[in-house]
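Chain nomenclature is as follows: A, B and C, assigned in order of appearance, with residue numbering initiated at 1 for each chain independently.
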Amino acid sequence: MQFLGNLLEVNNLTKIFPLGGLISKKSVTAVEDFDLAIPEDRQVIITLAGESGSGKSTIANLLLGFIKPTSGKILYRDKNLLKLKGMEWKKYRREVQAVFQDPYESLNPFYKMSHVLMGPIRKFKLAHSEGEAHKLASEALLEVDLNPEEVLDKYPHQLSGGERQRVMLARVFLTRPKILVADEPVSMLDVSLRADILKILQNLEEKHDMSCLYITHDLSNAFCISKEIIILYLGSVMEQGNFETVIKNSKHPYVKMLVSSIPIPNPRSRWKGKVKLQEVETARLETIVGCKFCNRCPEAMPICNEKRPPLLDLKENHKVACHLYA
Amino acid sequence: MESALLQAQNLKVYYRTQSDPVRAVDGVSFAVKAKEIVGLAGESGCGKSTLAVGLLKLVSPPAYIEGGKVLYRGKDLFTMNNEELRKIRWKHIALLPQSAMNALNPVMKVHDQIKDAMEAHDGKDLGEDLGDHITTLLKSVALSSRVSRAHATELSGGMRQRAIISMAMALKPELIIADEPTSALDVVVQRGVLELLVDLKDKSGSSLLLVSHDIAILSEVVDRLAIMYAGKMVEIQDVYDIFDDPLHPYTRGLIASVPSLEKGGIPRSIPGLPPDLKRPPPGCRFHPRCPNASAICTKEDPILKEIEPGKFVACHASA
Amino acid sequence: MTPPSQLRWARGSLTARLKGLKVVVKNRKILAGLCMILGITLVSEIGYRLLPYDPKKMGDVPLGLPPSWQHPLGTDPMGRDLLTQLLFGTTLSIRIGFMAGIVAFTIAVLVALIGGYYGGTLDSVLNVVTEVFITIPSLAILILVAALVGRVDIPMMSLILAVFGWAWPCKVMRAQILSLKERGFIRLAKLSGYHGTEIVIREIMPNMLPFLGAYFAVVVSAAMIAEAGLELIGLGPQYTITLGIMLNWAMVHAAFTRGLTNWWIPPVFVLIWIFLSLFIISMGLDEVGNPRLKVKG
């Protein structure tokens, strides 16, 4: 049964969190009007980038079905995520997996490492016997360069951070998802270990039919394996498109500021000029009608205060949400 | 070394365990000159943070100073009595430990904490001038005076870090040792805080020792870069020289393992893992992972040598 | 390659729990505490049957004798052997305390799990109920109920104690579950296709083991204190002998002021012994629940 549409399609996704008690009307718009499409017929690693407060982790939780959207739709194989039941829901669970930032947090300290691998094997019926299950788990561990005999029988605290994260990836090999939501998969690892994890992700994309939504604040790592990027700021998309284009030819003032601040390991490519830091905390006003970046923007115009900039099409999939390009 | 502000000579800081001690800093010598920014880089577990606290004899059990000297303007800090050492700390040398911004008291106003810090180390009561003093201090780190009335929890990470920096600068130290000052901060804020540190250093004529695992960050601001591996200092060079021509194989591997927006592609990681510091390998500690290792590397531990003025490396291949 | 049978795996949730139990029993503190409580239960259960005296029958033996070989603790002013009373009373006290404890504990766990994990309006309702039971001056109500009911028998006693014993541990357990619910491994379990109840049993419960044990010890101890307290002031199954009722008799006959230490010290000692054994068990469970302490990592 061929399905050649979008595996995952997100339309106008919005999530508003209420703050305070019953009486207070304050709220935080974590995500606003977010769109995304992951096709079935090819594999992509899309970077979802943003600093703290950008809403990227909220998007991850929404896509994984942990929280419900306030408005907008998430469609999996053309069906609304909220309405999936039975076999369709099981298929979604099987085909959409995740890797999180802190592998220690993702492990139940009461059990040995085998537990986290046996879980999906049992639930997704990947094996029909104890022996087969063990074989599958071992093969998955070998794919990530871990020795099953040294890992399966140990407790989480007996392994290093790098080993734990590899076990998380072994779990991905086991479940063979179509989409992997990777939320800061390398940020808690030593620099020298990151390359290995990135290689594994690339391998999964190239050889195992897996698309990946790589969520991070660290563009340098994502750039190694991803070709498309979406940059968020306070819940809204500021710019998106081909990674190299967005980096080398940034259009949005926020993106320009962000990209220019990313440290380059080369003393001959140092920061030029200086950034201006905020003197006082500006509250995240939910009553901002204009552009969310306008109070920090060096190129702000009057219209920026009044109207939200729509996401405009520049050439070749490059999009910007900025009045400068209207 | 002339004009050295702070000089460590063969410093050893070990950690006591139930078995062999962990040799976290095992005979490290290096110096920080006046008005310079030195970066101290290395992976986690290399001993750089231990070195940072060791320099000021601020190690707490199970860590202990096994040997060596630390000279500040020629005076041995380790032979001073506690009172003298306390005066040196904060007034002359300020330490910003890792995660200092999380150590701010959540129930105290920023104003009161700065006041406490100043009184604890200076002993003087500034009386009415205190308020102005604090406002000036906060302004120097680009924080409005309104921040002084806030509590730490009301401030973002970047602002808390700046508040901490302002406390460290309060007594105008000659040397600031900052351990991972920006690791938990957003990219733009990180740049801002580092630029601020450099700015403050320029204005007050002090020196800065930046400790970080992130050589990309260090390459943006430092004058000299010192690389540590497994408790040993393996290379110290001017930052431009070290990137143009890294002398130690570990430095080469480290630089190659950092992703860069300039280069793209997955960087090459160094195969293997850092050694167990309870029982480090014989000879050079890096030899099991070194592409250029030879017979002598497995037997003799290379000493940090100045092969050319300003270029230090601990490697048999470059002797 | 080592065959699967030699590698210990987390098999289905049932086996995981059984394996958990095995680990639990191997812990020294748990063993010690269990020995203490089982020991005293056995000694008293067997002991009173071996002695020829009837603990309840007045005039069974000569009145008011001091300790002797025939009556190691002496006899009370109503002509009953005190040692037999002690042993018999211990068995009943333990029975009442544990029955109350088990009922209270079960209610507490169920309410905490259902409310804490599933949340929503159900949780809000359960939370209110729990708070009400915490705030009610339980001892006053206990006294009232006991007085109104008239003849209180053992099952009724346990029930009364349970009704007021479940609320506070429940509140604490719920807070714990709420925090466990946010842990990353819960998310991963969901991604593996597990549903609510499965997650509760498989992922949350094992992590609560030390706390469950501690709470159980608290609940049972609290039940026994309440029981002794009620009986001390004359409310309780008056027709029989428990540790509290022994103390009640002692009080009524001014044993404290008359210095009849052979009468009142033994029951107090036994109560302390029981509390201590439960406490040691809970300490042991704390070690078990934290594998870091178990295996040198």
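Some points to look at:
Going forward, contacts are C-beta pairs under 8 Å (C-beta built on N, C-alpha and C of every residue); 3 or more make two chains touch, one makes a residue touch a chain.
Remember, predicted model here, so these are calculated numbers, not experimental data.
At the far end from subunit C, in terms of centres built from Cα atoms, lies B.
Set side by side, the interfaces A-C and A-B show unequal numbers of C-beta pairs in contact, with more at A-B.
Here the chain at the heart of the shown protein, by mean C-alpha position, is A. If you average the CA atoms of subunit B and of subunit C, the two centres end up 55 Å from each other. With each centre defined as the average position of its C-alpha atoms, the distance from subunit A to subunit C rounds to 49 Å. Inter-chain centre distance (subunit A to subunit B, centres taken as mean C-alpha positions): 33 Å. Those residues of subunit A whose C-beta lies close enough to touch subunit B in the complex are 51-52, 190-196, 198-199, 202, 217-221, 223-225, 244, 247, 257-259, 261-271, 274-281.
Note for the complex: subunit C touches subunit A at residues 1-2, 4, 7-12, 16, 20, 183-185, 187-194, 203, 206-207, 209, 289-292, 295, 297.
For subunit B in complex with subunit A, the touching residues are 43-44, 142-144, 146-147, 150, 154-159, 162, 186-193, 195-196, 213-217, 219-221, 239-240, 243, 253-255, 257-262, 264-270. Of all the residues in subunit A, the ones that touch subunit C in their complex are 64-66, 90, 93-94, 97-98, 100, 102, 105-112, 114-116, 118-120, 122-124, 130-131, 134, 138, 149, 152-153, 155, 157-158, 171, 175.
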